[in-house]
Every structure is written in structure tokens, then in C-alpha cells.
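Each structure below appears as C-alpha cells.
In the two complexes that follow, chain A is the common piece, with chain B as its partner first and chain C second.
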Partner chain A sequence: MTPGRESAGIMGDRVVFWEHLFRSAAVICGLLTLAIFCFLCVLGLPLLQDGHLLSLLSSPWAPARGLYGIFPMLLASILLALLSLALGFPVSLGCSLLITALAPRRLRMLLIGMIRLMAGIPTVVYSFAALFLLVPLMRTLIGRGSGLSLLTAAPVLALLIVPTMVIFFVAGFEKVNRAHLLALDALGGSRVQKIIHILLPGARPVLINGTLLGFGRAMGDTMVSLMLAGNSTAVPSSLADSARTLPAHIALVMASDFDSLEFTSIFACGLLLYLVTGLLMLLMRLPGRSPDNES
Partner chain B sequence: MTGQRKITEITVTWFCWLSGLLLLAALVILVGYLIRRGGPVLGLSLLFGDTPPLDALLLRKHVFDGLYPALAGTLLLVIGAMVLAIPLGIASGIYMAEYAGGRTKAVFSLLFDILAGIPSIVVGLAGLSITIFLHRIFGERIMPCLLISCLALAYLVLPYLIRTTQVALESIDPVIRKTAPALGASRLQNIGHVLLPHSLPAIIGGIILATGRCAEDTAVIMLTGAVASAGIPRSLLDQYEALPFYIYYISAQYTSPDELATGFGAALLLLLLCSALLVLALVLQRRLTIFLLYR
Partner chain C sequence: MKRSQTGVLLGLLCMTIGFLYPGMPLQAADDLAPFTGLKGSLRIAGGTAHIPVMKEAARRIMSFNPDIRINIAGGGSGLGIRQAGEGLIDIGNAGRRPTDTEIAKYNLKLFQWAIDGVGVIVHSDNPVRTLTSAQLQGIFAGRISNWKEVGGVDREIDIYTRDESSGTRKVFWKKALARGTISDRANVVVSNGAMKTTVAGDPFGIGYISIGYMDATVAPVSLDGVVPDLANVRNGSYRVARGLYSLTRGEPAGLARAFVDFLFSPTGQQIVQDKGLIPVR
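Up next is the complex of A and B:
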């Protein structure tokens, strides 16, 4: 009990008033999270209602034939996210180890500054530059098509998620048990031994969670895939193919009629992205995943 | 044995340094390219075209061939969104740090994490669905507009503000935290006179970061009312131009080298704007690790 709550009269009323105010703000924010979910459900209902859910997830996108399946987009999203993780994870790991264990102090500060700057660069600017730098290069490398493909979008998307992952990893490495590090120093261990025997095993939950976070960001990003992946609605048969991701699909179908099934299907896409986000957040909270557990 | 150890040492060291170098190279190439292409067009004529700057600023003449309407649109968006988000976010943050506990806190924490993880295109979609609801109720007058975009963007940055405030309050030295209550201050007095003033730099840093996030987001505004050419919006219910949307539009629709040059100018301008905000936030607040994770 706070002293203020016990004292009756005007003071007490004011204290209670502010506490209610703070609580209602939090409740409103929490409800907003759920409200988005409800909005998407209600508006996507016409498609879900007719038992189309499974066919929605497994059939192709062909509005002319009355097929509004989002399977190609789902596949493209997952492929692109995995590909950018495959490119981004090693770089993030190396860079965060460099910052934590290898680089001299001055360079460490410089690298952290650089990473933060990269985290603040607008997505649309990354994509815009890549459109004129990377796309012509990929056109030559692939040898066919416009140069817009999953392979073009993946490195840019990797560049986008690397800062997030590095910041997460570095914060995790800093929480690894100090006593172990000191013990290793006392035994005359090298920096690389510190990395292999203490940092990596100690921060494993953090590495997993950071990767999940990166995956979530890669799945949810709109501008990179919209501007660089080509947006073809066909099922991609190779990584050099043009493909459309779920977020890009939402952005592109926008223009059509509000009441059509075509338009309704983008709410299914939104719902899917929302559920993926929720699932990742729950996965990150599995027992034993807290970075404080390593002591 | 020692030979193998030496190989491991060298491999790990090289791997880490290469990762760091790769990232640095990517950043330098990207920024260098933007400066090379966009640098020459930076200047007053990029903003105002052929219109006299003073006439444009006083809204006496329309600017047709400059970025001024887009910049003004972005500014209005940011102001609108922050006015809506700041009170709600800070109040929720105070509740999370000072009042919530146990299960309540865990539930809210999960909700806010999901809120932070929701892809911005889904937030835009929610904004769009609200527009559709309002359209059905109020009729033709309600279309995607500045107000809806501000609401959606406020929603997007809410989790940053909540987390910034919460972490700022929670990381206050226990000695400082307990002094005022020991002297008989109520919890509210402690918050208002000690804790909030003490964490103000961190909270302002978070607000600036959230501002940058508002300014750069493209996915939300492309679903909720940003258009390629609208001039300065006359009311909250008007459509508007915005810098990131302009960049996206130019990348897809440019017809002449001049337009493309303006596009590069816009990209560089947005990059400078966001970097400046980031540096400002860094100066104000050193420990912002956590906030960059919630992009």
C-alpha cells in the first residue's frame, strides 16, 4: 500500500484518478492489439465462412477462374524469409562476435554506431538504391527476365534484418555469465576459445530468439519484396523466379473493388501475417528462452 | 591437436572480421551511391521547383515540380501521429513500470510484443478496414485520408513509446527510486517529481526514434491515403503526399531522367532526415539497444 492511497480526501482521489488513467491507457493499447485481429477476422469472414480456409492456403491465385488462393504468396514469403536468414544469420553472428569479443574498444564503438545507423535507414531507401545497383547486376547474372527475383530481394532483406539481429545478439552476449569469462581469462584462454566455449553455448537461447525475430521481420517486410522480387503471382519454381510475398500482395490488390472476393482475400493474408507474428512471440517465450537463465 | 586449434582460431577470427567488413562495405556502397546520384540535385530547387520558396511556404502558390508537398505531408503525418501516440504510450509505459505486476504484466507484455511485431502492412490494412467501416456508416465523405494515416502510424509506434518509457523507468537506480517514498511521498508524487524527470532524456530519445519510424514507413501510408500528387492537404480528411511514398512511386513510374534524379534526391533527403533523428536520439540516450529491436 502506498501512503497516498491510505490518506482519504482530495489527495486520495487524485491518486486513484491517475492510477486509473494509467491503467486504462494500458488496457486501451492491449485491446487495440486484439482489435486488429478482430477487424481482420470480420472482414476476411466471407472467405473463411464458406469453408474455403484450406483451399485458400493451397490453391493458386487466378481471379479470372474464381480462384483466390494465396499459396504462391505464402510460399514466396517463407522462401524469401528463409533465404534472407541464411544470408543474414552468419553475418549477424560474425559481426556480433566481432563487437563482443574481437574488436578493440574504439572499433567496437564505431561498429555499434554503424549498426544503429543501419537499423535507422528507411526500408524504401534500401530498396530504391538496390533497384538501380543490384537489379541490373542480377539481370546479367541470371541471364533472363527483368532481374527482379527472390534472389535479388534476399540480400537486401538480409541487410535489413542484420542490424536487428546483431543488436539482439550483442545484448545477449553481454548477459552471459561474467564469472565464466573471468575464469577463462585467468586460465589463459584465447579470445576465440572464449567465443567457442563460453559465448556461443551460453547465449544459445538468445541466438534462437534473435533468429526468430529476424524471421518475423523478414516475413513482414513490404517494401523490399514489393520493389525487388518482381510480384509475379505464379508459384515460384526456382529462386531466380519473380515472386510475390504476402505483404506485397496486400499492397497490390488494394486498388480493386471493396466488396469483391479478391479484396477479401487480402484480409486473409493480413490475418496470416498476424498469426505468424503472434506465434513467433509465443515461441520466443518458451521456458528456458530467457537470457537471464544462463547463470 | 595444436594445429587443428590454430586452424579453428584463424577461421573464426577471419569469419568475424569478414562479416564486419561485408556489412561496412554494404553500407558504404549504399550510402555512397545515394550521395553520388542524389547529392547533385540537393538544394532549394529540389524542394520548390520553379516556385519561389516564400510563396510556397505561405501556401500562396502550388509546387508542382518539387518535393515540398511530400515533405510537408510527411511532417504533418509525423506531428499528427505523435500527438496521438505520445500520451497513450507514455501513460501505458508508466503503468507497466510502476503499477502492473505478476500475471497482468506478463499478459500486457505479450500483447505489446505482438503489437510491436505486427508487420506495418497489416497495420495499414487495419487502417484501411477502419476506413471501410466509417465509409459504410458516414457515406462517401470518408475516404483514405491524412487522419486515418495518422491513427494507423500512431498505432504503429505505440509499442516503442510504451517500451521506452517502461525501460527508462525500470532502469532507474533503486536508491533514487526509494528516496522520495522514504520521505513520505506517495507513489504518484514519486512518479511525477522524481521518476519521470529523471528518465526524461531516455523517454525523449524514444520519442525521437518513434518519429523516425513514422517518417520512414511506407506500407502503412500507401494503404491509408498517400497519393502521388495531391499538394498540401487542406484538412485532415484530405489525401496527401509523403516522402517515402514518393520514392516508391518514382521507382515504379518514372518517365524521365529528371524525375529519377528527383527520386534520388528524395531518397537522400529521407535518409538524412532519419539519420539526423537517430543521431539526435543517440546523443540524448545511450542505452537504446532495446528500442531498435522493435522496428
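Up next is the complex of A and C:
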């Protein structure tokens, strides 16, 4: 046996060891996620068993009358996430194109640095600043109500999801085939042509995934909507109305009695959030797979 | 010998502190004495009406004995009762009396160290300063939705209420709203402090807070002609009052015991009074 082969054997053992370690870590992570799902199902069961599932999704929240519906919160969550995406997506797309293709080098570094910094700011800081700056402004602009509304929370939530989306998009644009870019340069194409004909089509799956990720973050965020959306349990009749999102609802109801139906109902909320996020991740996987197969 | 020296040093320290904070009488040294030699951390959470008193007490105790760490959190009375009952925290605060089931289930020991009122507040620019019970109930139920109906400006009323866990909400709902409905269009805030800040910033808002939290940034509203203040709670003419409780699971021991005793000491009760609440002793 040559020394070289011997060392390869030892290396092989090590590789096997690390492989096992990482595999078990991955399996444990996966099992934990499943365990949370089971936990939510088991604890939410009393409410689901009574055949309340449909009424849960359609009725209003009125514990005094025995109604524990989460329809208003579900609607508010989806509206708010869509609204913040509508504000955040164009900004993210523009910003990431500026960073990858349009801006001079120095500005690019500055921009990406700022985006990374933004990604690290806790949501409570954004919400707190908005409470004092944006809320009075919205009250005056809307002309009725308290200034706490879906319209107030949406721009702040957009601010929250923009960094995630920009970082995701930039990574996607950088992976676009270099040869195509060089070919376009050789043909004398403009920068705008580069964006329209190469970057955008080439990064399409990444754009979709990043947007879904942003939507998921917007759906799941608690602090912004808790502090800025007003938390009323009525079905919002307009975007200028106060409304409560699912995560905020969980935060507000969590402290009630353990044995109460109110408390049980928030497991149903958790389950719903879990399913929505899970579905989004599934959607992300589907379009993400096709380009890999092509190449 | 060594111990008595430490005692003298600590005594001197206290006197210095007493000197630095003119509000603190020398009595404080005696009341803080039980904390000598104690160590460790104390977790307190729950009712938000309690927080100003808790913070002041904790500040004095921790500056007397830096080996003690006291963490104070909000979360509402419901949370205080539950977390204390489950042993997640050492002392739970509640702005309502726990139900008999809660007391029995968790073997809770109750310590009522102050009396508090819950008063209606509006923005300080709001001309409406007096409401009848019927008007108040109408406003919170959503039947009266414009300030002009109760003598104010022509503008929609923004109702603010508290979350499910709030003891302040339970007391207000029971005694001021006579268990009437609270409109589902009401905005929900999560602490007495947040309620005050929000109403102070909203010229068309109405909400309710612990009397201990009232100050010049908001305007109190008389209910049936009675101003919600300490004097009226004390003489019983203002009905929307409640006890402020601290709870422990079983008899408190060690640091928790010393803390509860401190709340009932002359210094503790003085803090209660300074923070705008009614002492029980």
C-alpha cells in the first residue's frame, strides 16, 4: 500500500464522517419542520373536529358571541402582502438592475452596501419610526380614521422586503450566462438592450422565486402590522381601514387563557400561515427546477 | 466583622443614594436591608399598569445591591397570570383579580399592593371632556361614530382598545361599559404606555388607561360628571377602579419574597403614591 493511498483512505473516512454529520443535521431540520406541523394540527384539532373549519375561514372574530373566525385576518394578511409587493417589486427590480448593469462601479458598491445594511435593521425600528412620522401623515392624507391602516403598513413592509428581494435578484443577474453578455457587447448592443434581451429573460426563475420569497416574508411579518395596521378585527372595507393580520392576531391572542377556544383558534391561524408559506415554497421549487434540467 | 463592615458600607451607599435622589427618604435603607447578600435574577412580567412602580422599585434594589438583576416585561395581565402559574417567571402582574379557577389551578398567591382607576382619555386638543355612561357605551359599541354627536368637531371617532390579555380592558369593559360590546372597528394597542402615546398623537382618538399613566399629554374625560383621578377613586365616587396584583406560584421565597415585601414597605408604598396610584397601607 503506497502512502498516498493510505492518506486517501483516511480522507475518505473523514469525508464519510462529515457526510453523516451534515446529513443528520439536514434530517433533523426537516423533521423539526414536520414536527411543528404535527404540533399545530394536534393542538388545533379541537376546533377543527367540531366541523368548524369552514366557519373558521368565513366567519368574523367575535369571542363574546362564540365566533372565532379568522377570515378578516386572512384577508388583511393577503391584501397587505400584495400591496407591499406591488410597492416593493418595482423598486427591487430597478435597484438590482442599477446594481448589476447600470450604475458606475462606485455607486454599485455603495448601493449594495446600503441594501445589506437595510436587511439587518430590525423591523421594530422601522415600525417605531413610522409610528411617529408616517402615521400622522397618513391620518391627514386619508382625512378620516386614526392613520393606522393597511396603507400605512404597506410601504414600511415594502421597505422590509426590498433588501431581501434585491439581494436575491442581484445574485440571479450575476449568474446569467457571461458569453451572452459578451456577445451582445460585441454586437454593439446598448445597456438597455442587455437588460431587456439577456438579463431579464435569463434571470426569470430567480425573479419569480425572489418575489415569492418577498411575499412570504410580508405575509409572516408581525411587528410592522401589529404596530401600524391598527389591529381592528373588522373586515377591511378599504385599504385605508384599520385591519389585523394573522401574525398580529396570534401575537394579540396568545396571552389569553390556555383552555379557552380563543387560544385554540390561534393554532388554526398558525396552521394556515404554515400552509400558505409551504405552498409558496412549493411554487418556488417548481419553476426553479426547469432551467436546471435544460442545461 | 467583615459582614458588619459591608453593612456599614452599604448603609453609607444608601445614604449617598438617598442624598442624590431627594425623593427617597432615609427609611429606604431599612426597607432595602433584606436585599443585603441576596444574589441572582428575578423575572417579572404581565400587567402594564404595574410597570412604572416595578421599574422604580427594581432600579432602587439594583442600585442597592448590584448582584441582583431584575427583568421587567409587559404582555398583559393574562400573560402575567399564566406565566407565573406555569413557573416561567418569578412574579406575574395582573391588573385584575385572577379567576378562582386560575387561582386553584396554579396555586397562585395574590398580593394586592395598590389600587388603580381606569379612566377615559382623549387628545388634549379635544373639546369633549365629559361623557355620560350611555354616551361612552355608545361610542365604544360604534353606535356613536362622530365627535359632533357628543359636542365635538365633525370628525369620525377613532376608538382604541386593548388586547385580549389586558386586565385594564377587562375592568373597563365590566365597570365602565357594563359588559357592552366593543366595536370590531376599534384599533387595538398592546400596553397602557402605547395607549397613552397613541391617543396623545391622534386628535380624534378615544381610549382608556390606568390613572397612574395619566399626564398632561392626554386629557382625562369625566364619566357621569366624575373626573377620573386619585382623589375620586379613593373616596369611591369614581367606580371604574381595580386592585393591582402581583402573583407567585405558591408562597414566594428568596428574592421574590423580598421583592413583594419591599412593595408593601413604606418605601415601596411611597413609590406607589409617587407613580400616581393609591397605596394599600
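In this text, the second predicted complex is superposed on the first by the 260 of 295 C-alpha atoms of A that agree within 3 Å, B and C clash if a C-alpha of one lies under 4 Å from a C-alpha of the other, contacts with A are read in each partner's own complex, and residues count from 1 in each chain.
The working rule: a contact is a pair of C-beta atoms (placed from the backbone, for glycine too) under 8 Å apart; a residue touches a chain by one contact, two chains touch by 3 or more.
Note that this is a predicted model, so its numbers are computed, not measured.
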So, after the overlay on chain A, do chain B and chain C clash or fit? They clash
Between chain B and chain C, whom does A:147 touch in the aligned arrangement: first, second, both, or neither? second
Message: Going by the contact rule set out at the top, does A:76 touch chain B (first), chain C (second), both, or neither?
response: neither
Between chain B and chain C, whom does A:233 touch in the aligned arrangement: first, second, both, or neither? second
I'd like to know which partner A:247 touches here: chain B for first, chain C for second, both or neither.
first
Once the shared chain is lined up, is A:60 touching chain B (first), chain C (second), both, or neither of them? second
Between chain B and chain C, the one with more contact residues on chain A is chain B
On the A-aligned overlay, A:124 touches which partner chain: chain B = first, chain C = second, or both, or neither?
first
Clashing segment of chain C (vs chain B; choices 8-16, 80-88 or 134-142) is 80-88
The intersection of the chain A residues contacting chain B with those contacting chain C is 132, 226, 254, 258
Listed in rising order, the residues of chain B that touch chain A in the complex are 8-9, 12-13, 15-20, 22-24, 26-27, 29-30, 33-34, 37, 87-89, 91-92, 94-96, 98-100, 107-108, 110-115, 117-126, 128-130, 132, 135, 155, 158, 162, 181, 184-189, 209, 212, 215-216, 218-219, 222-223, 244, 247-248, 251-252, 263-264, 267, 270-271, 274-275, 277-278, 282, 288-290, 292-293, 295
Listed in rising order, chain A residues that touch chain B in their complex are 2-5, 7, 11, 14-15, 18-19, 21-23, 25-26, 28-30, 32-36, 39-40, 43, 90-95, 97-99, 102-103, 111, 113-129, 131-133, 159, 162-164, 167-168, 170-171, 190-192, 195-196, 213, 216-217, 219-223, 226-227, 247, 250-251, 254, 258, 266-267, 270, 273-274, 277-278, 280-282, 284-285
As the complex stands, chain C meets chain A at residues 75-76, 78-79, 82, 102, 155-156, 158, 160, 163-165, 181, 183-190, 198, 201-202, 204-205
Chain A residues touching chain C in their complex are 60-64, 72, 132, 135-136, 139, 144-148, 226, 230-234, 241-242, 244, 252-258, 262
